[in-house]
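In the two complexes that follow, chain A is the common piece, with chain B as its partner first and chain C second.
The block that comes next holds the complex of A and B.
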């Protein structure tokens, strides 16, 4: 298939690099200021090198990518809240052109789910967004495969940065600020870590899960979530948890029409007590008990893997 | 993934033992054999039941399945089980409070929690590395009535909120 990739960060770059391996051709790549377009396929190495040296992917205007020839628009621009722009506009343009859209950007799916579904319904194109939740882990597709009506609750660790901080604090007895600085040095945490440590990122993922579970009967946005983060949690809290064979994890929960993200006590040997940047999701099913799925919840190639899985699913409905 | 920690909760079992050597040990064996975790034993040697037996109260942790096995194993052993599980305090919740615990009158916080939640603080640990004036953490084990966990946690949140304390709650319904 022909892919137009909007967003040239870690995920977008990985999609461009790996597309050939999956049998796809990238016909356009856009970053926030420019675009590289070639109906026969852009040269991944050259374009990414151009981005590295010049700071932009190409000489054309960003809109050229949206107007280019493609089967699938891969929307991987940074997540924005509220009106979820410019991501939402990109998706709209593609669907109105009857093209398919695969997103890793959480904004449009968490904040404007209903509008997104309406646009998709009116289009010959499809919309898929497995990569918005849990990186490489197949969460949304598993919910769909099991049928949302047969999933009673979903809970899990959905933010690798927060989990890294908590597991380092517990393992080393170090303070929050110390571990946060370390995470920033390692590139695990952003310079402004608030999106991760305040629980917003995990909450957006839970809202997306809630939307998928609700199957259009109700629409959820970030405002429907109760969110408490891990910022400023003292080392003494983790110490006390440890002394009782427990630990603290930032847990997202979706059940009986509530969405909640908060630091919670879990047994130290619980499946939910994953360490480092790992993510895990537990699905409670009506006839098959509990299902645990874990893996890498973030990263360029990991998220790109989920995007290629979605591209592979297009047309299967 | 092991399911053995799923749904583990605290139970209180009241037993009647015949007054003869080795009887208590015999009563405890089924608990260990079924994988239960013995929390405490209250052996009222001075008291006698109307039938002249010695009442013993045993607190243990087990999952529902293990607990059922324990009670039937005790009965098979000919041990009289007076009451099992349907006790007043049959669920335990562990929470961690974070904030200026000492400054905000910790003992007042604890007594309010007991009064307003109708639960008992079974166990309490404080960690105040910055001394009395800094932020500290406390771990509380609350024994509460079965089915009341959500209400108790709601009340804990309210009381803690008034004192600007954070509550790290257990994960209900999950593996906690």
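The block that comes next holds the complex of A and C.
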């Protein structure tokens, strides 16, 4: 497949670096200011080196990437809320050109799901977005395989940064601010951590799961989610939990009634009590009980793996 | 889809009972001595009641099911070793008629994988067998989605009966014979438990995983597996493990060098230390770290769920 990659952060860079190994050719890469385009395939090492030294991936305008020759647009620009631009516009352009789209950008899928599905329905191209939820963990494809009608609830730990902070607070008895600073030093939390610690990131993932479960019968956006973060959680709450063989995790929950993210008490030996940056998802099924899937919920190569899995699924169902 | 179900045990009965809910019609059901056939769809309740009261599902010869009108043959007869008959013959008949085949019967996939793939290649029908490994847990489809080339090892707990016995021995400090009798009373272990406790069942699942990972470059059968069961494990071994915060699990392992089933020490808080009849599989990936998937590894409706997922995947890749 020929891939045009829009977004040159950790995920976009990994997609460009690994595409050859998965048998694909990258014909274009765009960052927020420029693009590198070559119908025969760009040179991944040279383009990423150009980005490192010059600050931009190439000499062309970023719109050149959208107009390039490709089978799949890989949309990995940063998630934005509300109108979900510029990501939504990128997806629209590709679908109107009858190209396939694979996203890691949560914005268009969480905030404008109905419009996205309408555009896909009118296009010969398809849209897939496994990488928007849980990084490497195959959550959406497992829901599809089991059939959304046979999944009654989904819950899990969907933000690695918040989970790292809670794990460290619980294990070391440290306060939130102290552990946050440590996480920022380690690169696990961003300078502005609000998207992760206030629960927004996990909530967007829950909204996407809710949209997949609803199969078009209802549309969810971030406004439908009840969201509470971990940024005001006192260390004493974790100590109380520990004394009762429990711990606290930022749990996202999706059922037919609820889309909710909040700190919850879970048994210390529960599958939900994953540590560090790991994510876990539990699917409750009608005929097969509970299924747990856990793994790395973020990271460049991990998210790229989910993108390549989606590319592999194009053309099926 | 029209389904012909061969095998009327727990799995076959669940497939017949649930088919309508998944939008399918069962046109034939066979047990070892008879068949019920109706091109417009058999009556699930009536046929299963006939089986309960008369001991057979219907008045026709069992070969009538193989000759019936169907899109998918669901092969759920008991697993047999060596020539894997009569299961293999059922699959062959269906593929030669250009029909699809979905199996829960491990024999043909573990013992005659190459022949099976050759038959499928010569047929307009496809063959799928997610239900042969780990019941409801989507192991094989996850390997396919990640691409076998990007999986370096698979390990896990693949037999619920053995795991139930080990969990109970560890938790209660009881001996093997005592817990086995309890498991037999509960219906968790069969009257002749050798297939489960000697490791054969887990080994067949590992052989199937090895065949999927090898992508035809090498063929595995049970003879290629190193197998050690739990039937000679003394309670003292579990006590020693416990004193060191470990426990013992019957672990199946598949890598490019090894197909092996044996009792192994694992940390008590390890993901591999699932309790009761649950199964877990760990996939080691090249770019996405470790993925854990756990759930119910056996049972009629659970295995039927995997069969319906396979039916849903027919026509894709």
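Basically, the second predicted complex is superposed on the first by the 317 of 317 C-alpha atoms of A that agree within 3 Å, B and C clash if a C-alpha of one lies under 4 Å from a C-alpha of the other, contacts with A are read in each partner's own complex, and residues count from 1 in each chain.
By definition in this document, contacts are C-beta pairs under 8 Å (C-beta built on N, C-alpha and C of every residue); 3 or more make two chains touch, one makes a residue touch a chain.
Note that the structure is a prediction, hence the values are computed from the model and not measured.
By the touch criterion defined above, A:271 lies against chain B and chain C together after alignment on the C-alpha atoms of chain A. Legend: residue contacts after superposition of the two complexes on their common chain; A:292 is shown touching both chain B and chain C. Once chain A of one complex is fitted onto chain A of the other, the partner contacts of A:235 are limited to chain B, with no touch recorded for chain C.
Applying the stated contact rule after C-alpha superposition, one finds that A:315 touches chain C and leaves chain B untouched.
When both complexes are overlaid on chain A, the residue A:146 reaches chain C alone and has no touch with chain B. When the two complexes are overlaid on their common chain A, residue A:263 makes contact with chain B while staying clear of chain C. Of the two partner chains, neither chain B nor chain C is touched by A:117.
Within chain A, the residues touched by chain B in the first complex and by chain C in the second are 269, 271, 290, 292. Remark: chain C residues 14, 18, 22, 135-138, 141-142, 145-147, 150, 269, 271, 285, 287-296, 299, 301-302, 304-306, 308-309, 312-313, 315-317 touch chain A in the complex. Chain B contributes residues 1-2, 5-6, 94-96, 98, 125, 127-129, 135-139, 141, 166, 168-171, 173-176 to its touches with chain A in the complex.
Chain A meets chain B in the complex at residues 153, 155, 228, 233-237, 239-241, 243-244, 246, 248, 251, 253, 255, 262-267, 269-272, 282, 290, 292.
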